[in-house]
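So that you can tell them apart, the chains are marked A, B, C, D, E and F in the order they are listed, and the count of residues begins at 1 in each.
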Amino acid sequence: MTRAYERLNDQLRVIEMIPNYIMHPEGSVLVSFGDTKVICSASIEERVPPFLRGQGKGWVTAEYAMLPRATGTRNVRESSKGKVTGRTMEIQRLIGRALRSVIDLDALGERTIWVDCDVIQADGGTRTASITGAFTAVALAFEQLIQDEKLTKNPMTDFLAAISVGVSSDGEVLLDLDYNEDSAADVDMNVVMTGSAELVEVQGTGEEATFSRKEMNRMLDVAEIGIARLIEVQRDVIGEFAETIGQQQVAAWSSAAGEGNEK
Amino acid sequence: MTRAYERLNDQLRVIEMIPNYIMHPEGSVLVSFGDTKVICSASIEERVPPFLRGQGKGWVTAEYAMLPRATGTRNVRESSKGKVTGRTMEIQRLIGRALRSVIDLDALGERTIWVDCDVIQADGGTRTASITGAFTAVALAFEQLIQDEKLTKNPMTDFLAAISVGVSSDGEVLLDLDYNEDSAADVDMNVVMTGSAELVEVQGTGEEATFSRKEMNRMLDVAEIGIARLIEVQRDVIGEFAETIGQQQVAAWSSAAGEGNEK
Amino acid sequence: MTRAYERLNDQLRVIEMIPNYIMHPEGSVLVSFGDTKVICSASIEERVPPFLRGQGKGWVTAEYAMLPRATGTRNVRESSKGKVTGRTMEIQRLIGRALRSVIDLDALGERTIWVDCDVIQADGGTRTASITGAFTAVALAFEQLIQDEKLTKNPMTDFLAAISVGVSSDGEVLLDLDYNEDSAADVDMNVVMTGSAELVEVQGTGEEATFSRKEMNRMLDVAEIGIARLIEVQRDVIGEFAETIGQQQVAAWSSAAGEGNEK
Amino acid sequence: MTRAYERLNDQLRVIEMIPNYIMHPEGSVLVSFGDTKVICSASIEERVPPFLRGQGKGWVTAEYAMLPRATGTRNVRESSKGKVTGRTMEIQRLIGRALRSVIDLDALGERTIWVDCDVIQADGGTRTASITGAFTAVALAFEQLIQDEKLTKNPMTDFLAAISVGVSSDGEVLLDLDYNEDSAADVDMNVVMTGSAELVEVQGTGEEATFSRKEMNRMLDVAEIGIARLIEVQRDVIGEFAETIGQQQVAAWSSAAGEGNEK
Amino acid sequence: MTRAYERLNDQLRVIEMIPNYIMHPEGSVLVSFGDTKVICSASIEERVPPFLRGQGKGWVTAEYAMLPRATGTRNVRESSKGKVTGRTMEIQRLIGRALRSVIDLDALGERTIWVDCDVIQADGGTRTASITGAFTAVALAFEQLIQDEKLTKNPMTDFLAAISVGVSSDGEVLLDLDYNEDSAADVDMNVVMTGSAELVEVQGTGEEATFSRKEMNRMLDVAEIGIARLIEVQRDVIGEFAETIGQQQVAAWSSAAGEGNEK
Amino acid sequence: MTRAYERLNDQLRVIEMIPNYIMHPEGSVLVSFGDTKVICSASIEERVPPFLRGQGKGWVTAEYAMLPRATGTRNVRESSKGKVTGRTMEIQRLIGRALRSVIDLDALGERTIWVDCDVIQADGGTRTASITGAFTAVALAFEQLIQDEKLTKNPMTDFLAAISVGVSSDGEVLLDLDYNEDSAADVDMNVVMTGSAELVEVQGTGEEATFSRKEMNRMLDVAEIGIARLIEVQRDVIGEFAETIGQQQVAAWSSAAGEGNEK
């Protein structure tokens, strides 16, 4: 089987990020993983949700949506349905959790970062593109906060990116699946990793089959290749400000206290 | 008072339309009125709502939304609120009604055109940009239907565009108000017109003042100038296919039967 | 074509207002435009919505509903549907905006006027009857507030009434359309005007056709006749208290600040 | 303690019913129990809910609402809240169940009677006024159906009315409590009875106290007096058609099959 | 007709209560009336709803639900439907009202008792089992509060239990109907009584027939027998702490002030 | 650090399953993982959702909920909130997906298995207990279907169980975390595996830290131990019928076609 655009199995699609794509947010980016295109924005609100008030620490939360015709057939708008689907909730919880793992919430101070990931065109991998773009948008927003002298240091402790890997029906391990590949794959795994190649989140699912420990390991190997390349692109877009990431010495990791009872 | 970018009072902002901006819809366009940017798409569904079934005629309906951070301060997502605001409903009803006034629903046949207008950046005039862009997206979708031999003739009976006009607090009549001008204006009017300079919809509101018949007439004069210019841009984008608009001989206008009881 | 009850084209239906129709509200009226009957009430709440708190000014807001069997076929109750339709939202936003245009919100002080318009029988023109009746109910409530020494002056700056006009399919301009006329009309326009014949709101729609500038002007001429007559009826019902309307010297018009971002 | 308007303890308030109060429904009445006023209407729909289809029998269902300012302080509209309160649901289930007890659903045939009870002014006893008025509205609708030759016989098996009784804090048993009496009462009981003095529904509640078997019996005695008087008023309003009630020989009572699982 | 398990007409099913059935609530019980099984829990919250704040008195409220497959055919989950049915609301209002009739809310102090009744298996009588079990769970919670020295006296003024009675189609009066008996009964009545045999709530409904005063009295006689037996079981489960019930001298009964406007 | 009840790091809590715990469902079990207790039931519906109709294959779907007081502090009921939380949706999607991986939907035929997992007491691991118990309940339901001669063969292709593993803050890998351990853990991973030790789902999250590939491998090793033990317990409960699991020769795995667009 040959992949579209003659990609190798462990090769990403064309990755692009246009910084400051829209004018109002403190940070924004249009991220493309091939034909998948997501507008990611980071907005600063100078207060935190009730469960964190008065603790001197910040919060990062994310929302995710698709334009109705981002996909091959039109989806009913979630605002018309009057509710958010389970899939959307899963994705936005994942994006927020992943970002919080590389942001020192104490260093952020009592403010909230609202991340919005709006998919304008979908061709597989919308959640991984969203995480990767969201990281960049948040970095641009932090740069702005430091320029405005509201922050003295970048609260980011490391880089962060996400990629999908899978096992095709003929047993090949593929990196960054497009929609057709994803629909045909036996196993689908999303991996979120830091710039230090530490794992943040691993979600592997046998959609039409189970998978072995060996296949799992091979998928993680390939994911590492992709993550490293994505972080290179982030570094380019962020420019000099990239040097400030990870400078923060973190004594204790920030804990997701607000979700305690529900965990 | 001078306008931003040294515009004259009866001059539009920079108008741009990028056709086929996203790949899945049958027709799409990214329309800009200055810094206001809207993705308009037209999707074809091969059936009609229940109230029209079996009558051999089509339907056109529209939905409108803004990205949460299309504006200066972030808006709560309507899908999170679980309901669509009154403002959104007003706008999407207006877009659908306006488009139906220049589409021969009998000629369209039993299919629905779903128009989606998603504002990615807002600076005043989002509803007029949406109508103007939506007309173009629908034209591109009709071109596709004819190429696919699903339609033999373009069901559009005329061009259609929309523009805002207003009276500033110092009494000047302004065309195509940006957000700052709109916020400061005493009177605000949205005008939808056809290529034959016939009125389709007039909605004038004294937000901070009442207005006289004379002011109303002056506003309509200026609106006509803007509409004519917008239709030139549409003509450019649509290209040769523009020649097919209005060819349709319409014996009886299509009636908005489905809204009967509620009108 | 002859109109029902041998009305002339520029003649209203029989207009009646029964003041204090229900006993609990500070002001109430049962308004009839022919067979269209609406209970309008004005309730005083001694506080304002959050966006206005501490500014020393008041607010006026309106809600509109129909009994399920106010119409020829029964409508599903909006409380059963769990949501308010777009049409209802449009109408209640219009009623509130229109009333605010003739009420000095600074003179009102930090209190809210809740206007409820409940249609008990519908035969066309429910929104114009609602605005015209609501103005009267609010005047009665203000009279009560002054008697209770909570206000010293009437905050109303002018009279206000609303009427529909239209163009029939045979080209005649008609005043105050009943349901049958409205269903058959090519063009439908609602006009809200003050006692000084200034325009407050103009909403014209070509439901089955477009319309020319000339037709628009003819409709406005006829609307003025109707508005003047409606204000005579209001004056009768309000009695002596009518003298206090417009006494208020208004330096600056009250601005609809609360809707800023959404306008 | 003297009652308002010098009523005796076992005396009703002034009872009035204006038949055909609104023009569209098949049957309607404005019922007053003193200052409590309810518009009751009965609408015919020529089909039944899914759980009854194809069984040749009909259905009767009821909805109840209050105008926001029917009461001393304004209530939030249930359509704005997006849901119906528990109190409203209790009342509308009670009205429907009571009416079904005196209507032969087999004789009705496959059609639904939609009963709407809209309280325009409330002063205690809105649910009993609703049931009593609803019975009358339904009778008028049946008269219409027989005139239209859609029915040959009146499906009503008996008269039906409802009244409240209570025990005051000084131990007196009162008939037809107004709002002040109801608020001060220790015990509150709603009784629905037929023209043959059979019980259909008894709902007694010790709001601020418990009550003895003896008090319960005294309350039922007084309720019987009130019910008999209410049925006289119904008989007057219905006129000659009253003779057709109860003619129907009923072999087997109609069962509330549709609520089976939930009973 | 013989009853299942050879019960006499005035005999209860096997009644069981397992105290402290789940570990987290301050009080809990698994109550069985034959095959009907309900988990009742009482949770203490150290604050009251807004309408009671600052008055020094407490509140008791209840929620009721069934597992989807507590019944013979699976019910759709109310959380999936996005709303609570009318039947559920009726039952939870009844449970709360009944409990408040034997709890001195002043003696309780500014705290709320949340009662949860979750039916895990249903065979008729779920509401009466819920009230009877809820009383026990609340008593256990009060015992805990006294042990924790948050209360000095038990605020319960009397015992409380509930039972269903009915009239079968062959005219026999039955106690504690199971699902089959309930489905076949002509009349169905739920009775809530105190340890002093005073009535708290009587809800009788002719589901397929009306009923006479004589039948009503016979049903109340039989209900008294059942209530007395249920209170014996409660006394056993509560143990020594039962002695503290009713010690409280109550000058004035606590009034359900918060529901004033809605009563 | 010592674990509660002196457990070893790679030891499960006490695991119990009471089969046929409630009487109405085709299959049910009360599963306990220590103090975590979940009622799992499997209900058969003899039809499939619309997206599968006419394809001759079945469907398995799951719902998950907690009693309000299953936890240390009371949670608001999702039916009262009117919506299901993101966490609940994630869990119920996971349960359904996991079960479908070991059920041959073609062999099941056109029927739906509704799985309900209701947590009555929570102490960590509610989702893994739910999956493990749900598998057992479904097996019991299939046994019933075969006894009723609606199925000839068990459609289960393998056993299935789930367990949590984590890394404590002092770096130890723990099996089957209770609530306190889970709250304190740095990394949390849920693993779903088959009887053949193949992976079905892996969800690892660094809640307060990232994790290395090495730690991930150690967690999977320990999970395998737990899964094997859980399947022993399932085998005991299911009895002889366990022999029928995996007999089914599966040519092609059943595909989750219904979620296509959303995947």
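One rule holds in what follows: a contact is a pair of C-beta atoms (placed from the backbone, for glycine too) under 8 Å apart; a residue touches a chain by one contact, two chains touch by 3 or more.
Quick caveat, the model's predicted, so the values are computed rather than measured.
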Between chain A and chain D, two copies of one chain sequence, what rotation angle (nearest 5 degrees) aligns their Cα atoms?
180
Over half of the residue-numbered contact pairs in common: that is the test. Which of B-C, C-D or E-F passes it against A-F?
B-C
Regarding the chain E and chain F pair, does the interface count as same (over half of residue numbers shared) or different (under half shared)?
same
Distance-wise, how many Å sit between the C-alpha centres of chain D and chain E, to the nearest whole number?
28
Averaged over CA atoms, how far is the centre of chain B from the centre of chain F? Could you give it in whole Å?
51
When the centre of a chain is set as the mean of its C-alpha atoms, what distance in Å lies between chain A and chain B?
35
Note the residues in chain F that touch 2 or more other chains, in rising order.
71-72, 82-84
What is the shape of the graph in which nodes denote protein chains and edges denote touching chain pairs (line, ring, star, complete, other)?
ring
Residues of chain B touching chain C in the complex:
71-73, 75, 83-87, 89-90, 92-93, 97, 101, 182-183, 186, 188-189, 194, 196, 198-213, 216-217, 220, 253-256, 260-263
Chain C residues touching chain D - in the complex, by the definition given at the top
22-25, 28, 35, 37, 39, 41, 43, 45, 63, 65, 67-72, 74, 77-84, 88, 114, 116, 118, 120-122
